[in-house]
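Order of writing sets the labels: A, B, C and D. Residues in every chain begin at 1.
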Amino acid sequence: MIVAMQESATEEQIDAVIDAMEEAGVHVHRTTGEMQTILAAVGPTAGLDLAKFEVLPGVLKVHRISSPYKLAGRAWRPQGTVVEFPNRAAIGGQKVAVIAGPCAVEDRAQIFAIAEAVKAAGGAFLRGGAFKPRSSPYSFQGLGIPGLALMREAADANGLAIVSEVMEIAQIEVMLPYIDCFQVGARNMQNFNLLRELGQVRKPVLLKRGIAATVEELLLSSEYILSGGNYEVILCERGIRTYETATRNTMDISAIPVLKKLSHLPVVADPSHGTGRRDMVAPMAKAAVAAGADALLIEIHPNADKAVSDAAQTMYLEDFAKLTTELRVIAQAVGRTL
Amino acid sequence: MIVAMQESATEEQIDAVIDAMEEAGVHVHRTTGEMQTILAAVGPTAGLDLAKFEVLPGVLKVHRISSPYKLAGRAWRPQGTVVEFPNRAAIGGQKVAVIAGPCAVEDRAQIFAIAEAVKAAGGAFLRGGAFKPRSSPYSFQGLGIPGLALMREAADANGLAIVSEVMEIAQIEVMLPYIDCFQVGARNMQNFNLLRELGQVRKPVLLKRGIAATVEELLLSSEYILSGGNYEVILCERGIRTYETATRNTMDISAIPVLKKLSHLPVVADPSHGTGRRDMVAPMAKAAVAAGADALLIEIHPNADKAVSDAAQTMYLEDFAKLTTELRVIAQAVGRTL
Amino acid sequence: MIVAMQESATEEQIDAVIDAMEEAGVHVHRTTGEMQTILAAVGPTAGLDLAKFEVLPGVLKVHRISSPYKLAGRAWRPQGTVVEFPNRAAIGGQKVAVIAGPCAVEDRAQIFAIAEAVKAAGGAFLRGGAFKPRSSPYSFQGLGIPGLALMREAADANGLAIVSEVMEIAQIEVMLPYIDCFQVGARNMQNFNLLRELGQVRKPVLLKRGIAATVEELLLSSEYILSGGNYEVILCERGIRTYETATRNTMDISAIPVLKKLSHLPVVADPSHGTGRRDMVAPMAKAAVAAGADALLIEIHPNADKAVSDAAQTMYLEDFAKLTTELRVIAQAVGRTL
Amino acid sequence: MIVAMQESATEEQIDAVIDAMEEAGVHVHRTTGEMQTILAAVGPTAGLDLAKFEVLPGVLKVHRISSPYKLAGRAWRPQGTVVEFPNRAAIGGQKVAVIAGPCAVEDRAQIFAIAEAVKAAGGAFLRGGAFKPRSSPYSFQGLGIPGLALMREAADANGLAIVSEVMEIAQIEVMLPYIDCFQVGARNMQNFNLLRELGQVRKPVLLKRGIAATVEELLLSSEYILSGGNYEVILCERGIRTYETATRNTMDISAIPVLKKLSHLPVVADPSHGTGRRDMVAPMAKAAVAAGADALLIEIHPNADKAVSDAAQTMYLEDFAKLTTELRVIAQAVGRTL
């Protein structure tokens, strides 16, 4: 941490800042320039609350000099993390993974039809929600555990691994026997209690970026899981909120290469939520793979217009099959397979 | 709901949209203009998913014509809602309420000193957190129930009502005996399960706007609580995320008159979180009252720089006392008391 | 235009709105529903100022039903516009165009080296600035007309067309003999006087999206040029301002398919300004082509670190050559050439 | 400037960064920590392009340690700047100034009626536009110089000073004889050529914040005018673009105290453009004064609904008179007059 004092700062103000820094447990190196005094913190700066020093009288600005995350940083594992699954599929390796499925598991026929479509398209991961807190108490709330069981059956019959959203700590235990990867939704990206519990689990976690979260905040959230000893974290870009209204969210494709540069964790792109429109999923899926995404998360449904949730952004199975064929060529163009 | 078709839409596309609308349970009025066909939905449109129609071929745009919230709307109670508390204080009436306290209850001396300062300043509400999921597992996590008990004691000794944050459903039952008003934090604004449970409670709920939530989304979230039969909801503006970095958030003061116009619910302003900087709390508190806020939520601490959390935005007790004196004059200038 | 009245609107308020609409020159169709009255405007609605009606007492919301732009809309020329240049290159056709060059023309050696690199890479367009209003009055201000002349020479020697930024009306006349395409910078996207003058010119215009402009506003701006009779407009996505700070701007890749859907005009992507970082240009250029961009605008310089402006986002010539080879494969993967 | 290297940075990378810094004209102080190497620039750092160093291999982050603006900084004139006008009114002093008038001067009757209303309300400044580049070439384009002459007459008859927008360099000379203060609109905030010319003028300049500009960028823009020797600059907050759509812009009231803290320049608030809605002008005007604004800029018109431009945000004269009465009380509540 470096504290830059205002040019007009008095000796008294400088001393008060030095005292506050030392009280926070760090040593202070002072550089008195012609114009400005600079105070550098040496020692255990990771836990320092920068804002606390920024409001002290005479302070111009406080800068964090070291990276606020460690385990998620690229330097910690320069070669990159590859998360492996029981069905021998992997996310983060040379092959771009396809994770597809409905927003919500609805019934046996639906989930089996979808699982077969995923397999046929060369995908190795089935996604689907079993717990669906919905806007209206009268809406479909998800099938719960029976939904997970159905999904497991459909996945096993087609050699797929399962990704499913966990919404509260109590669901972790319940979901463990059925799923291969927990998904943490955008609204829970900073639910630190949930993240900490998932750090104790020994199954992969797919962590979605919050709708107003920075790339740095996403990495800080992943650090909660990693610091519990669960090193199998997958990051997911799914659109951020901006002033633009032509798409529901603005999918931040540049977050993909930025995350790949800053972190060793695999990066997934979710063009379904990223755009909110079925007709934008294909171009954005291609863009994500071209930009270096390790996997795609896509909502599909045999009868997309009638899906009980997220209908507008859900693809028909035929369109999905066509898309994966096109994506295969893009993957090759960037030196990968799919 | 009104569906505006593209000028180039074919009869076939128009028919498909009409079918989809009817299947969704509404009648369709068709207007065939010189340039454009317009389809208006008549009937139960509240539950319609607009996005679903927007992606149908030939559709230009879909508009919601009726308000998406009912119980929260001004029309439902034109005279405005006044939420009353056991200590005879109220939020939403002629008097601007002051809700103040620490981010976290730390110990007996701290919370009593603060409660006395609130009373001395003419405030009637004590705020404070008992459950504090923090960024580091080694940080202070809140005192839990003993903290609530301490806060209750301090509040009762000074005739104050208590506002405290509830973070998960399991805490509702636990907190009920101690508190007078549940606070729902910005990160939980769209935790619909929690909101629905709070709709079953018969104590007021202070609902904070999410960091990336629109005014309309805040009102929709309040509707969850209201529709459960809990009509004592208080809305809170606490800063939104924008591109500006001079303050931690951008406090949307204009949301105050906008909410007062659209809804009958009282509106609270939180300049502490809204700015993240102690030196900005006073001007923004004044601005909020001038713009019509019904109450202020302010973080205070006898030793603000040493507060275990939110130190940078926490005011010293003396500065708080001075601020309330100044606010009293502003309140009078807009025809109210404080 | 459709005016949705509040449920509580009085007959008097409804009549006042009808009067205001008729005074604005449209006929009014009134639908009196059980809950709500709806007023639809019939007639010449294009010039109506919606905001004016939105503030009238009793109004809930005003909706624009027809598209606010006509000439830029896809329906006007469903097959898409292809802009052709004297060097037989085109933008908008089957071939993805590459427009590359320095931020500013610096000297003969520089611009010739760059023009040769563009040609060698299969590019057909040379970009470069001659007028450079810079942050400091002591900084390099551009070579002016001699810079344009040098660029023309370098372009002609390599069979390239020239794209160069026009910053004020007075420069149009001056630039005409030297350039093949005017570029309008993001800051001038709503400089309506400049746009109107460019509508009178018979050379293509590359119009950059403003840093805080919506897709709709970009299309409205293009309409100014089109309505003057200059139909050769090329739209350019170059990054928007969001809360994210990991990249200078957030490149809105989804704007590319959205613009292609809404408009017949060709769409160019500028990953140099879009990211502000040399190391992000390649992945974002690939993403843009995968998403359907008709051309790329890339800043290159033989000695990028020493470029007089935009050094951080400028690529070295070797990296550019490598990138175009990779882009060729991506272009093929989406059924195009480069 | 401080360059923080990545923990994994090699000696070679560090040397390359040191070379680049020295080549840019500064001395480098190197601190080799246990974890990380820090390079501090000593010397003339004002002109350094930070982004240029941020993309060098091995660099983690680059920080600007000194303020990027000097003349606009509070330290340069701690007591604050008061801009005085020929009619003996001032902006920046103890009295809160009221600047009011139409969006556009329309005719003699209109501007005289307005000038009288401004005077009657205790205002000392008349605003009004003479040059109006409008969205449609068929719309009213402003009266031009005759409009300025009319405004001068009306202002003189009522002892008012005139604020009017200058849109291009060529207008400066033309406007000089008629006006007392140039206004630079939000779209021109970074029109550096225009700003530089206004630095040569010896009349005050009211500089509006761009719709997507940070507080720091606004101050940097003011520096252009100040560095030309024109020290009479007035800053203006007029709303920024965010994801919220309930108001046209989000008026950033917190920018007022932030600007007052960072700079000595007076700060004006424009609630008319800040909200875009007539019914929001009064609460936001009050909020701005409560937060410390030195002046208000308000659009008024005797027949607001029929104003040729900005009708929705324009107040009626009676409402304006009422508002100034209320504002007077708010001003007193914060120790000022109006």
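By definition in this document, contacts are C-beta pairs under 8 Å (C-beta built on N, C-alpha and C of every residue); 3 or more make two chains touch, one makes a residue touch a chain.
Computed from a prediction, not measured in an experiment: that's the story for all the values here.
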Could you tell me which chain lies farthest from chain A when each chain's centre is the average position of its Cα atoms?
D
Using mean CA coordinates as chain centres, what's the chain A-chain B distance in Å?
27
Can you work out the whole-Å distance between the CA centroids of chain A and chain D?
39
Name the residues of chain A that each touch 2 or more other chains.
212, 241-243, 245, 279
Viewed as a graph of touching chains, is the assembly arranged as a line, ring, star, complete set, or other?
complete
Of all residues in chain D, which touch chain B in the complex?
212, 214-216, 240, 242-247, 250-258, 261-262, 274-275, 279-280, 283-284, 286-292, 326, 329-330, 332-334
Give the list of chain C residues in touch with chain B in this complex.
2, 4, 6-8, 29, 31, 33, 35-36, 38, 40, 42, 60-61, 63, 65-67, 74-75, 78, 241-243, 245
Per the touch rule above, chain A residues touching chain B in the complex are 20, 47, 49, 51-52, 54-56, 133-137, 139, 167-168, 187, 190-193, 196, 210-212, 220, 227, 241, 248, 276-279, 305, 311-313
